[in-house]
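Paired with chain B in one complex and with chain C in the other, chain A is shared by the two complexes that follow.
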Partner chain A sequence: MDEYALGVLTNIGLFSFVALSAYLLLIAGELSFGQQAFFGVGAYAAGSATAMFGLSLPVGVVIAMALGAAAAALVALPTLRLRGLYFAMATLAAAEMFRILFELIHWQLDVEGELVGPDGTQGFRGIRWMLESGVEPIRFAGIVWLLLVLVLLAFVYIENSKLGATIRALGQDPTLAGALGIDVQRVKLGVVAASGALAALGGALFAHHNTYIEPRNFDIMLGVHSLAYALIGGLGTALGPLLGVLLDIGVLEASRFLQGYRMIVFGGLVALLLIWRPRGILDEKVLHWLRARFS
Partner chain B sequence: MALLADLLQNTLDGIALGATYALLALGFTLIFGVLRRANLAYGPAIMFGAYAATWASQHFHTNLFVLALVVLGATILAGTYVERTCFAPHRAGAAAAAMVASFALWMQIEEIAMLALPKHLYPFPALYEGAPLTLGPFSFRIEALVMVTAAVAICLLLRRLLYSTRFGIAVRAVIDDPRAAALAGINVPRTTALAFAVASAIGGAAGFLVAAGDGQVTPMLGMWSTLKGMLAMMLGGLGSLPGAVAGGLALGLIEAHAHWFLGPQLRDFVAYLLLFALLALRPPWMNTRSES
Partner chain C sequence: MAKSALLLILALLPCAALAQRAKADLRCTPSGTDFVYDCTIQITRESKPLSGLTVVVGADMPSMPMAHSVKPVKASPGKTPGEYRARLELEMPGEWAVKLRLSGPVRDVLVLHYTFRP
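Right, the complex of A and B next:
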């Protein structure tokens, strides 16, 4: 497999995590413009862990996910009662604050005669754990996709459990869900924290794939893209967000003849698609039909 | 004394900045009022207008008045395209789909504008080329004076349109309750589309004033307009037009002072922190009526 195709494949995996985190919130009935912040927290945390403190990537990933969940819970705690556009705007405001904080962090350590660490708007370079540990790009792609498959299996398990039904009930009608004895605030907080951890997992891997991150990577464009991926792919199954990422990064970005016109095609297609299927390609109806047909 | 002079100067600058934000917030609020949806492509439509005029100024010798008309016309055109594609088909329900569709068109419109004018910065004919007006320790840019005057005039015109015409009554009825308005014989889709066009015109005016005031356009104009407009709209409480003006002015004043005392990065931080705190605490003037 050539290097370009491998890069595209890895990127599809990486961005699926943040698209899945937006999907998780969408099925719980919430719209977030701020998942990029937790992706960023994960990238900075895991990057610092491996490049500055010499920890291994698995340890860095665990730290990143814990911090991502904590950051998301911190944002959600004062805003749990907000809904719709209000919640979306609160997450956007919080995410922009995180991005500005990334611009303000100057914290470098001397590692083997070289200054390593976040340097404000100059970014954070030298996240070379893969190179130093001899992990080849193809193996890294394998790790990313293995983790993605594990996350998807977790989604399938949860969506078929009582917890999954609870989350979807919350998304359908929170007042009714509350009346049925569901602790709405607690479930929502859990969903938000889990989505933060998922986005952070993507960010941690992204930092190690790129070896260089900067605050601009984590602006609102990433957040709204992940929302779009989840919604185009469909809200019926966790494979939906994956399909969304595949369509954008896999088909359009990789089609070199579309260079320069990609967004014109993609933007128009998405807007038209959403008229026809407002809950995405693989929405609940399609999933019901598929289940009835093949089970 | 020096501090007092700084405070006064910042306040003057803040009002000038706030006048533009107020216009952006007015357009956003009008759209939110009739549709209960946030139109993310609002800023990019404005950028499209400003880019169309920049393109015209590069190919033809045109004066500022003609360019202003080009900005307005192109913004209304782009705005109507957004309304027809993202909002008209999703009238009932599907708030997330409408918002994401408007984001998709954001990407599309921005790329079209950047294909026509790919450089990072283009000069735009300036409103005024001379030195700023100085009065004692204070300086005031003439173009800022023009912007404030224009913003006040547009607000008064909008007020007249909404409160003294049949169209205005119809718009306010739709904002109040679309179903009741329909039962009263108002053509809701048509009124909504027209209100959207009016909002686009207000945004176009803001875009023209920003481009001519700065004497330049950059591809950042789209995202800037959307973010500042939404921020000012939310600060003003979401949903009321006087609130939008107040929110715009408040945002301008806060930014001018924070910029002077804290620098550009913390300026934005303070504005977002304030919005977050307002959403978390929900003071009485924040409208809590959400989109359906």
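Right, the complex of A and C next:
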């Protein structure tokens, strides 16, 4: 496999984490335009852990996920009372606050004679864990996809458990779920924190794949795309967001001949698809049909 | 004595690591075809040109690095020591983060911001 194909495969895996984080919120009935913030928190946290303090990537990932969950919970505490469009706007505003915060952070340490760390709008260079650990791109892609498979298995397990039914009940009708004895605020807070941790996991891996991050990497474009992946792929199963990412990257790669116009074409295709299938390709109806046919 | 030697080695380690860091300078001009640029890269280490490297050049748009990227191309050696040349086919002009993946005598990844003008 050539380097470019391997890069595309790794990017599909990396995008899938942030798409799954948006999916988790969607099935809980919340629309977030702010998942890129927690992706960014994960990238900066893990990048700092390995490049500035010499910690290993697994430790950096754990720190990133903890901080991503904490940041998401911090945003959720004052905003969970909001519903629908108001919650979506609040998450977008919070994500912009995080992006501006990344622009304001100037914290560099002298590591082996070189200044390493976040340098505001100049970005954070020198996240060289892959190079210094001798991890080849194919092995890193393997790490990304192994973690993605583990996350998907966790989703399948949770979705077939009582917790999964509780989350979907919240997404369908929170008032009814509350009347049935579900602690709506507590479960939602947990879902938001888990989605933050998931996005941060993707961000941590992204920082090490890219070796360089900057605040612009975590702007609204990534938030819109992550939401679009979940909506295109479908809300019936956790495989939906993965399908959404595969379609997006696949269409974008296949339409390179259109140059800068390919995003316009892609946007049009997304709009048509969502008119045809508002809950995505792998929605609940398709899942029921597949289960009935193959069980 | 052994302790002093160990301290000396530890003191010299950063210098050795620093010596391995390469720097790059990038200049790109429009080729005459829309969004296609001819780029000249000068790679140095401690102000001395670095020749004999394999240099793979890619580029990402900072606002969507995983989706708006350029298919990486292998740079060919230029006319002077430490010089490499590559042709980049972008989607649009503007600011791009150009990524240089170095292998051979030096293994590193360098990221440079460059504004491509129409």
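A few points about this structure:
Note that the second predicted complex is superposed on the first by the 291 of 295 C-alpha atoms of A that agree within 3 Å, B and C clash if a C-alpha of one lies under 4 Å from a C-alpha of the other, contacts with A are read in each partner's own complex, and residues count from 1 in each chain.
Quick note on the criterion: contacts are C-beta pairs under 8 Å (C-beta built on N, C-alpha and C of every residue); 3 or more make two chains touch, one makes a residue touch a chain.
Values in this document were obtained by computation on a predicted structure and should not be read as measured data.
If you put the two complexes together on chain A, you find that chain B and chain C both fit without a clash.
Touch criterion met: A:85 reaches chain B, while chain C stays clear of it.
Of the two partners chain B and chain C, more chain A residues are in touch with B. Contact with neither chain B nor chain C is seen for A:198 once the two complexes are overlaid on the shared chain. By the touch criterion defined above, A:278 lies against chain B but remains apart from chain C after alignment on the C-alpha atoms of chain A.
In the superposition on chain A, contact of A:267 is made with chain B only, not with chain C. In the superposition on chain A, no contact is made by A:19 with either chain B or chain C. For the superposed model, the angle subtended at the Cα centre of chain A by chain B and chain C works out to 90 degrees in steps of 10.
In the superposed model, A:167 lies in contact with neither chain B nor chain C. Of the two partner chains, chain C is the only one touched by A:206; chain B is not.
When the two complexes are overlaid on their common chain A, residue A:144 makes contact with neither chain B nor chain C. Applying the stated contact rule after C-alpha superposition, one finds that A:216 touches chain C and leaves chain B untouched. The gap separating chain B from chain C in the superposed three-chain model is 6 Å, by closest C-alpha atoms. In the three-chain superposition model, chain A touches both chain B and chain C at residues 260, 262.
Chain contact summary for the complex, chain C toward chain A: residues 13-15, 17-18, 21, 34-35, 56, 58, 60, 62-67, 69, 71-72, 91-92, 97, 99, 101, 107-109, 111. On chain A, the positions that touch chain C within their shared complex are 3-4, 7, 11, 14-15, 112-114, 123, 125, 128, 131, 206, 210-212, 214, 216-217, 219, 221-222, 225, 248-249, 252, 256, 259-260, 262.
Considering their complex, residues 26, 31, 78-79, 82-86, 88-90, 92-94, 96-97, 100-101, 103-104, 220, 224, 227-228, 231-232, 260-264, 266-272, 274-275, 278-279 of chain A touch chain B.
Put simply, chain B touches chain A in their complex at residues 38, 40, 85-86, 89-90, 93-101, 103-112, 115, 223, 227, 230-231, 234, 238, 265-266, 268-269, 272-273, 275-276, 279-280, 288, 290-291.
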